[in-house]
Every structure is written in structure tokens, then in C-alpha cells.
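I've put the structures underneath this note.
What follows is a pair of complexes built around chain A, which joins chain B in one and chain C in the other.
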Partner chain A sequence: MLMDPGIATGPAGPVEDIGSSLSPAALARKRFLRNRAAVAGAIILVLLTAAAIFAPLLTPYTPAHIDLNAVLQPPSGQHWLGTDSTGRDEFSRLLYAGRISLTVGLLTGAAVYIIGTVIGVSAGWYGGWIDQVLMRIADIYLSIPPVLVVIVIAGILGPSLPLLIILIAGFSWPYVARIARGSVLSLREQEYVLAALIVGARGRRIIFRHLMPTVSPPAIVASAVMAAQAILLEAALSFIGVGVQPPTPSWGNMLADAQSITVLSSQPWLWVPPGLAIVLTVLSVTFVGDGISDASSTAQGLSR
Partner chain B sequence: MLAFLTRRTLASLFVFLVIMIGLFALVYAAPGDPVSMMVPPGQGRLAFIAAKRHALGLDQPLPIQFFDWFRRAITGNLGYSFTTSQSVNSVLLSHLPPTLELMGIGLLLSLVIAIPAGILAALYRNRLADHIISSTSLVAIGFPGFFLAMAGIYIFALRLRILPSSGMTSSDVTSTADAARHLVLPVVTLALSIVGPLIRYVRRVMLEELGQDYLRTVYAKGGSTLRVCWHAFRNSLIPLITVIMVYIPQLLGGAVVLEQIFAWPGMGQLSIRAINLEDYPVIIGFGMYVAILVLICNFLADIAYAFVDARVKLS
Partner chain C sequence: MTAPAPARPQPGEELLSIEGLRVDFTDDRGRAVHALDGAGYTVRKGEILGVVGESGSGKTVTALTLMGLLPHNARVVGGQIGFDGLDILRLARPQLRALRGRRIGMIFQDPMTALDPVVRVGDQVDEAYLIHHKSQSRKSARSRTLSILDLVGVADPERRARQYPHEWSGGMRQRAMIAMALINGPDLLIADEPTTALDATVQAQVIDVLARARAETGVAVVLITHNLGIIAEIADRVAVMYAGRVVEHAAVRTLLRASAHPYTRALIASRPGSAPAGERLTPIRGMPPRMLTIPPGCSFQPRCTSAGEDQRCVTDKPELVTIGELHEAACHHAGGQVPKGLEVE
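Our next item is the complex of A and B:
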């Protein structure tokens, strides 16, 4: 069965002559820095992360601080993004919610990278029935939308953030596994791998020393795409009430709080900022992933 | 061919069995003991509970309980809703049509957008049209459907007042035009949520196809761009069918979320309401419906892929 993640493959730009005296890593860095969208995405991600980490320094309010004397205030010098119906400061809620989204993205990305490469490399390297079984399992996981899994499982066990991350990661690794498997399959036929086998290198050494340097970059890109998807998913699930539970703010449940017609029409500061925050984060991760993908493929192309 | 079909069918059935075991485990993990919830407090409660457990087969070994449950589930007996006492199957079936309507029209619309856009991007590869289409589709992937929906309600329902904000029909008028107006926002947002990956997909398969030698021959023989496009498109249709099958479950996922915003009385609203009311039989039933949908789509994708493209070996 075919499934096209469709996202991991960036536009293949023209190969530039950057000079041959640089190492592949330096070439990749140089190439990445030329990709304006990727650099902008990286800068935004750094800023967002810093804002989430240093949230207590950036805002005098805690996200749960209720002030019934300052209800539904529009943005002002005191409350930069206004307040909600219980007088909670929207800006501090936005910053603290960022912690959730970035945690989900980071943990899912890392988990998916590890699970995906282990399974993908095993499938590609050992081949035969191991490959068939693993890829069949991957196909099945790939075809089940995580939203629906979380609704059924979290609906019964009760929603929680760890469960959410486990389920999202548990259903996102196949993308990475397929890509890792693909690169291993092509590497298996390379002379240098054969040479390593002939001089007696075995399993672990070949995998870590000879396969991973080539398998890793595309797997990282795929993991970044999945991290972006995970952030979207967390928001969607929190939005429908099976993700992060109030009073813990998350961009998704902030949007859910702002669903009523009155809020939509007369308090746009309650729903536009969290929505834009999701879009900004997801696009930044996607662009950075695209940048890494372009940069690493060029480096390989030149070093070959 | 027959061997291929048999193998795929068996594989699907096996996966179905695994999913059902998972659902059964969830039934078990659901908080609260169903029997002690049924039995009123008072004298002889413990004996009564034991008798009830025996009557329901809950004192049997787990595998036997599972096969009992499994047999009932596949014959359509999914138990009764805790809240409405209707049979789970009839509750689910009555909420199915609105969701199918949303998904069907949403899929059509996304194809109507994605196919021409993808072809255009492929034809004008690395030129302005391609850049615009490709970056728009990339941005579309990053847009959460529910945020888009809220923005849509804000602009078209609250500011411009040209479209209704929720529901399938207005309470006072019933006409096709009214129903159609209610469809616009949900269907458009749903279509936009999958149109990004679809465009990128169409672009890629078209590029692959356009690079084939037979199309150069068509050009050389004086065929117009339109003719070349048609040839290429017909051949990229095969993988497209497979991909559509894969996107149908994703579409259901999107519809479930959007139904919340648009108060669309379908499976999504039903399942979220069931979660809020802790109506476990309905949630489990929803899980089983999803499993069946996913497996059927997968199976059809495999078949379509193998049937239509002679280059795919069936062994």
C-alpha cells in the first residue's frame, strides 16, 4: 500500500557550487542558512521556546490567576492580549500554553525518530520476513487516524497529556520508519557497506557507523514533519475536549473556550492569538524541516 | 489474483481481530464495574451481584468472555447506550448519514481543487504558478481546520452574514437551498484540511508521468498540451485512487473535529457527547465502526492498486 507523507519532500533546488573545500556538514549549514524560510522558522522557534521557558519573567500574571474585576478586557498596556471571561490574562495563558505545544512537538519528534529509525533500519537491513511483518504493521498504523484513536482510548481511560503523547507518537512512527527503511535499502547495495562487511564489521558497527549518517537526515526531517503534525493534533484534540484539560491552558483548549458566537464576534483577542500561535509554530517546524532536507541532500550530492 | 485476494482478506480479518481485542481490553479498562452500577444498594446486594455476573457471563474466563462479546459485536449487537438506552448500533447508524454527507462532498471538493492545481503546478514546474500553488499547499497543511472554521464563521456568518454559522438546516425553513447554504462552511473547511497534501501528491505523480518517454512522443507527434495532460493524468489516476482511499479515514478524523464547531449532528458530535457523558458502549461502538472503515479503505486501496496497474506484481 502506498501512502505519501507528501510533506517531507521539499522542492529540489538547483545544486549550487559552494566550493569543494568545506566538509559536508559545513556545506549543509551554509545551504540551510541560505534558505530564508527555514532560517525564519528557526528564529521563530527559538523565540517561541524562549518565551515558553521564561514565561514567568515575561508576564506578571500566572495563567490561572482569576481577576473578576477585569473580565473580558480588550488588549491594553496592562493585559497585552486582554483577558477572558474570568479575568485571566490571555498573554500569560498563551505563553504557558506554548509549553504544552512545544513539549508535545519535541517529545513526539524524539520518540518518533527513535522508534521509526529502529524499526525502519531493522526492516531494511534484515529484510525477508522481518521486513514484511514490520512494514505491514507500519501500513496498518499509518492508515488509522490518531484523532480517532485518541477519541476512543482517551474517551474511556480519561484524557491526559502523557497518554496523548504516547498515542500520537505510537501512530506517527511509520512515516519515519518507511523513510529510514528506504535509505537503508539503497545503502545495502553500496560498495562501502559491502567492504565493511567483508573486513568483518558486524551489526551494530555497520548500523551506527555506516548507515546512520545517511539514514539520519531524512529521518530527522520526517520526525520534524511528524512533530508539526503532533502539535496540530494536540491542539485539535484539546479543542474537542479529549486532550489537555482546563485549567491547564493549551492553544487548542483556549480556542475551544472561545467558540461561542459572542466571543467570536466581539472578543477576537481570545481566539485569534492562540490560532495564529498554532499556525506559526507548525509552519516554522515545517520550514525548518524543509530546510534541513534541502541542505542535507545537497551535502550528500556534493560529497558523493 | 485469487490467492492475492484471499491473503489480503485474511490479513484484514486478522487485523480486525487484533483491534477487537484492543477494544475489549478498553471495555475492561473502563472505570466502574457495570454490574455494581446496575444493582441498587441494600440487603443481599453481594449475592445479587454474583447472580447478575453469572447471568451476564462475567464470571467466565476472559477468552470465553471475549469470544462471547466478539460474536455479539460482529452480529451488530454492541450493547445499549448508558444514557438513552437505545441500541448502540441504531444510535451510530442514525448519526452516520450527516457525517458521510460531509465527508463525501468534502472529498469531492478537495479533488476538484487539488487535481487542477496539482496539474498546473506540475506543468509550470519551478515557475511562478508552481511556487504559488506549492507554497499555498504547504501553508494549508499547517492550518488547523478548526481555526480556519472559526475564522470562516467570523467572516462569513458574523461579519458578512451570508452563511449560517452552524447546524444542517435552519429551524424555520426547510429547503434544498437552505441545506446547501449550511453545507458551505463545514465542507469547505474540511476540504481545505486535506487539500494541501493532495495537491503535493498530484503534482508529484504528474511530474513523474510527464517525464515519461511516451509523452515526449505525443509532443513530437504534435499533440497539444491538453492532450499530453490528459494522457499523463489518466496514468496518474491509479495511484490517486489508492491515496484517496488512504485519505478517507483522515477525512473522518477531520469531520469529527469540525462537527463540534458547526453543531453538525454526525458521528463526531455523537462520540464527543458520549465521552462527556461517559457512555462507554457508544464510544466502543464508534471505535468498531472506525476500525471497519479503515480496514475496508485499506483493502480497497490494495485492490485498486493491484487491479488497475498491471505493473504491480501480485505475489
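Our next item is the complex of A and C:
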């Protein structure tokens, strides 16, 4: 009985693994940190978030402060990104607008992850009519164009940020639910799930202990994609006027304010920064999502 | 480490009795496939019952029915299962769950997939204990885990417990599975082809572990296998299954020396060891019946060499009848036409 152990440890892990039993999560973290795009994305997101949170410390102006003596000024030492047609400081507006966009992204991402995994995992685990009902509901949501619904409902109830987040999240969870359900369906057939049932585990314990570690990474990635989409959607909806309402700045309504030919051609400081901010944020979220996806899928591959 | 509290069961007392178990599966065209057609066997406390038969004969389905873990498309349509005075088929789900892992453990064929790849092995064994001992601390669970890993022959259990399954070999993982099954000191361990997926040398070790576990904890074992050699080595009695029924039920020596059912004899004759060196093996001709419609007669009749022109084999299903001491067979020709050299001593 003493002959086995040596053989067992030999060919198991990659070189980095020898001698230590790194958890799959630790391995994934290592791999994530080696992915430059993902790390850069994460750093940019942290900086953007910090800038939005500490906006009052970074700029002396409030975003709604009107200064009619300083309208449409180009960037200068006093107004780093210039001013708009009512003399509001563009840099200040950009930072405060970031609060909106990042809030939309974060809350939508979190809501979509929670709703999506709860529904997807329930559908996959319990199967049968529960699965049928939940997935048909998801199908219905997927077949309704969210922009139209937001326009109609914002028209009826009046546009507001919470409404925007609820509606965007309400239309995004089915993507995450489908992914979660798919991975539960394949995991359910794994013998270790049967083994857990055989030692007397309840469904709930199996779901949290044995399914979630594997279901989570792809669900998080899908939620990140949905968060990026939400930021874009918020910008688009604010741009057409049914999203965040002035005077509260958002990157979308800042762009909306800049839609005349004159502004486009002669006041680029009014539309380049918010446009870049949107692109940068969405790209970063996407890179981070990809990084998580790659890191966790390799971890899975190794540990099997 | 021996089993906790309950006094070691006295060998001989009946622990498990399965009678006339009938289970149907619904196939993807909605037809009923009769996986079990009145299967039954008994296991006494502390004994090892070998269950043999070819694939699809119902060995595993019987075990899963006992565990209450049949797939969704399966249905118990008849029979009963008694386990230490409990009527298993009538137990509510929580009661059944309390039984699983606590009083009945189970291990199966492929230890490579039976452990969660993302949870440390020791934690998985701990979990099996903590599920049934909610008030116990992780620390006491771990000390039990270490002693049970030691019992199943895992060297350096403390270090090994901190590793992930991919760092364990197949044979070691099967030991971990046995440890999980034994940690609560069950009365019955179901081992569903525990060695099929392992190398020959490792097979012998795992069988040793099972034998030792029985000797030290008094656990009864239902050993499901294709391998008559393993049965001969450690089982006390054997149930031979064919087409969803038990066709012969006897002590190992009786079965190997004086099997009464033609299927059992064919099974023994088809073993590699039975043919003289250099000769071809003796296969059992034909295929087991498809279980969509149960033939009125003996399921083995089309492949049977003893049936001959006997119409009873075509029209009447032979019942399992006692033909000797602790020896039952379901064959109209049971006991007859014993091949030369295989007579009862």
C-alpha cells in the first residue's frame, strides 16, 4: 500500500505546480495576472472608478455650475477640458458622468449575475417543468427589443436612473441564465455530483459547493459583457433623451448636447472626452471579462 | 478505525432484502423498457455479496433503486426493499437522505470523475462526515478523515488530504471514495464495479482494502462486478443477474463448483482461465434480450444450451426455487445436466 503516492504526484500539474497544491482559484488568479490586456483593463477601471468617486477632490467646479462669463472655452489651465455653451466645466461633468455610467455598469452586472445564475441554476438543476417555464420566460425576454420598451416605459413613468437600470438588467439576465443553465446541465451528469448525493448531501449544498465554483466564471464573464452592454445602452438612451436627464451629466447626454455641426467641427472638447470615456470603459470591462474567462477555463482544464 | 457507536452487527442476521423489484425506464420514444423484472437478493450483516451479470442485466439499477437515486425517466413499478426493518421504497425523501452516506455507502466504477476537481480531497471526505454530523467541528471531521484515509491505505494522509484530486492516482482516488463511503460507519457498502476502471495491480489493492474494511468495521458489502475472479476471492455469496432478474443465488463455493443455472455455467466457462492455454475462449452466443417486451418464458432460453426442445422454457418463466442449502436457481433444468467435473462434492 506504500507504493502509490510517488506515482500519484508525478505527472499531475504544470511546472509551477510542483510541491504545492494551489487551489484552482489561486491558479486562475496567477493566470489572470499574466494577461496584460486584462490587467490593463482592471487598472483603467480602478482609475475611472476612483476618479468618479473622488470627483469633488479633483475639480473645484460642480457639474451644474453655470458660468455665463466663460461659455464654450477651449481647454485651458482653468478648465482642463474647456466649458460648454452655458459655461459648465467639461472635466467636472465628465467625472460626475462617470458615476452614472459606472453605477449602471456595476449594478446591472451584479443584478444580471444574481438573477441569471439563480434562474439558470434552478432551471438546470431541477429540470422538468421548472426548466420549461423559466426558459420560456427567458425566451420571451430575449425576443423583445429592450430599447423600445425603455422608450415606452420612460415615456409613461418618466425617465429615471433606477428605472433605466431595472429595465436594462431585466432584459439582460436571460443571457447569463442560459449560460448558467448550460453548465449545470453538463455538471449534473458528473459523477461527483452523484457521489455527493450518495453521501447524503442536499441539493442546496451541492449547488453551492460543487456547482457554483464551475458555473460562476462563465456567468461572471457573461455578466461583464452585459455590464459593458448596459453602459453602451445607457449612453444611447441618454443620447436620445429617455435615459439620464439633464442637468445630471452622463456620458450619453453629454454627447447629446454636442450634436450640432458647429460643436462637432469646432468644439471637439465637448464630444471627444465622453466618447473616449465610453469606449475606454467598455473595452476595459470586456478585457477583464475575457481575462477571467481565459484564466478560469485553463484552471478547469488542469484540475480535471 | 472501526465504526462508531452501534455494536458490531452479528454476522448472519439479515440486513438487506430485495424482493421482486421491478423498475421501468421510459426510453426517448416513450416506450417502457423493463430494466428490472422481479429482481431480488438478500444481504446478511457483515457479509460480502457478489452481484454478477453482463451489462444491462440490472446490477446497477438495483443498487440505485436502493439508494433512491434512479434517474428521472425511471420508475419503480413493483417489489420491495427492506433494510434493517425499514421499508426503503416508502421512506420520505429526508429519511432516505439520512440513510444515504450514513448507513449505506456507495462507490462506483470511475474514481477519476467521482471527486469534485475543484475541492481538496480531504475537504470532500470531511464533507461526507459533516453532512451527517452537523454539530461536529471541522477539526474533529478532519481527524476522522485522516484515520479513515489511513484505514484505506493512504500513506501520509495529512499531506494527501490537502491535495486536489488531480494530484491523486486512480487507485488512490478509489481509496478516497471508499473512505468517504466508510467515514460514517455504514452497515452496508455498495461497490459498483469498483475496480473496472483500474489497472490490474491496483485492482488487487482495492479489493484488499474492501476486504480489510469489512474485517475491521463489520460493514456488509454488495460487490457488483463482471469479474468472477474477484468474487471468488472475497465474496461470501453470489447473486447472478440476467435480464433484470436474479437467476442464481448461492454461496461462492457452491456457485463456482456446482452452478445450477445454464447462464452461470456459461459465465464461468467463458472466463479466460477456464479455457486451456492456447485454446479459444468460450463465449456465450447471442445477445441478452432487449427489455421492451419481457418474453413469457425464460429470458435466457434463446441462448441456452440446456433448453433444447423443452417448451416450458419458451412459455413458462422459471421461478427462483431453492435447490440446495442456501442455493436458489431460476431454471426448469436447475441441477440437471451438471457438466462433468462440476458435480457437487
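Note that the second predicted complex is superposed on the first by the 283 of 304 C-alpha atoms of A that agree within 3 Å, B and C clash if a C-alpha of one lies under 4 Å from a C-alpha of the other, contacts with A are read in each partner's own complex, and residues count from 1 in each chain.
By definition in this document, a contact is a pair of C-beta atoms (placed from the backbone, for glycine too) under 8 Å apart; a residue touches a chain by one contact, two chains touch by 3 or more.
All values derive from a computational prediction rather than experimental measurement.
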Return the chain, chain B or chain C, that is in touch with more residues of chain A. B
After superposition on the shared chain, which partner residues are touched by A:I198: those of chain B (first), chain C (second), both, or neither? second
Per the contact definition in the header, classify A:W129: touching chain B only (first), chain C only (second), both, or neither. neither
Quick one: classify A:T214 as touching chain B (first), chain C (second), both or neither. second
If you lay the two complexes on top of each other, which residues of chain A touch chain B in one and chain C in the other? 1-2, 4-5, 7, 9
What does chain A use to touch chain C in their complex? 1-2, 4-5, 7-9, 12-13, 21, 23-24, 127-128, 190-192, 194-202, 205, 209-210, 213-214, 300, 302-304
Touching residues on chain A, where the partner in the complex is chain B: 1-7, 9, 11, 136, 139-140, 142-148, 151-158, 228, 232, 235-236, 239-242, 255, 258-259, 261, 264-265, 268, 271, 275, 278-279, 282-283, 286, 290
So, in the complex, the side of chain C touching chain A is made of residues 67, 69, 72, 97-102, 105-106, 108, 110, 113-120, 127-128, 131-132, 153, 155-156, 160, 162-169, 171-172, 177, 180-181, 202, 205, 208
Complex contact set, residues of chain B against chain A: 11, 15, 23, 26, 29-31, 126, 134, 138-139, 141-147, 150-151, 153-154, 158-159, 165, 197, 200-201, 204, 239, 242-243, 246, 249-250, 252-254, 256-257, 260-261, 268, 271-272, 274-276, 280, 283-284, 286-287, 290, 294, 297-298, 301-302, 305
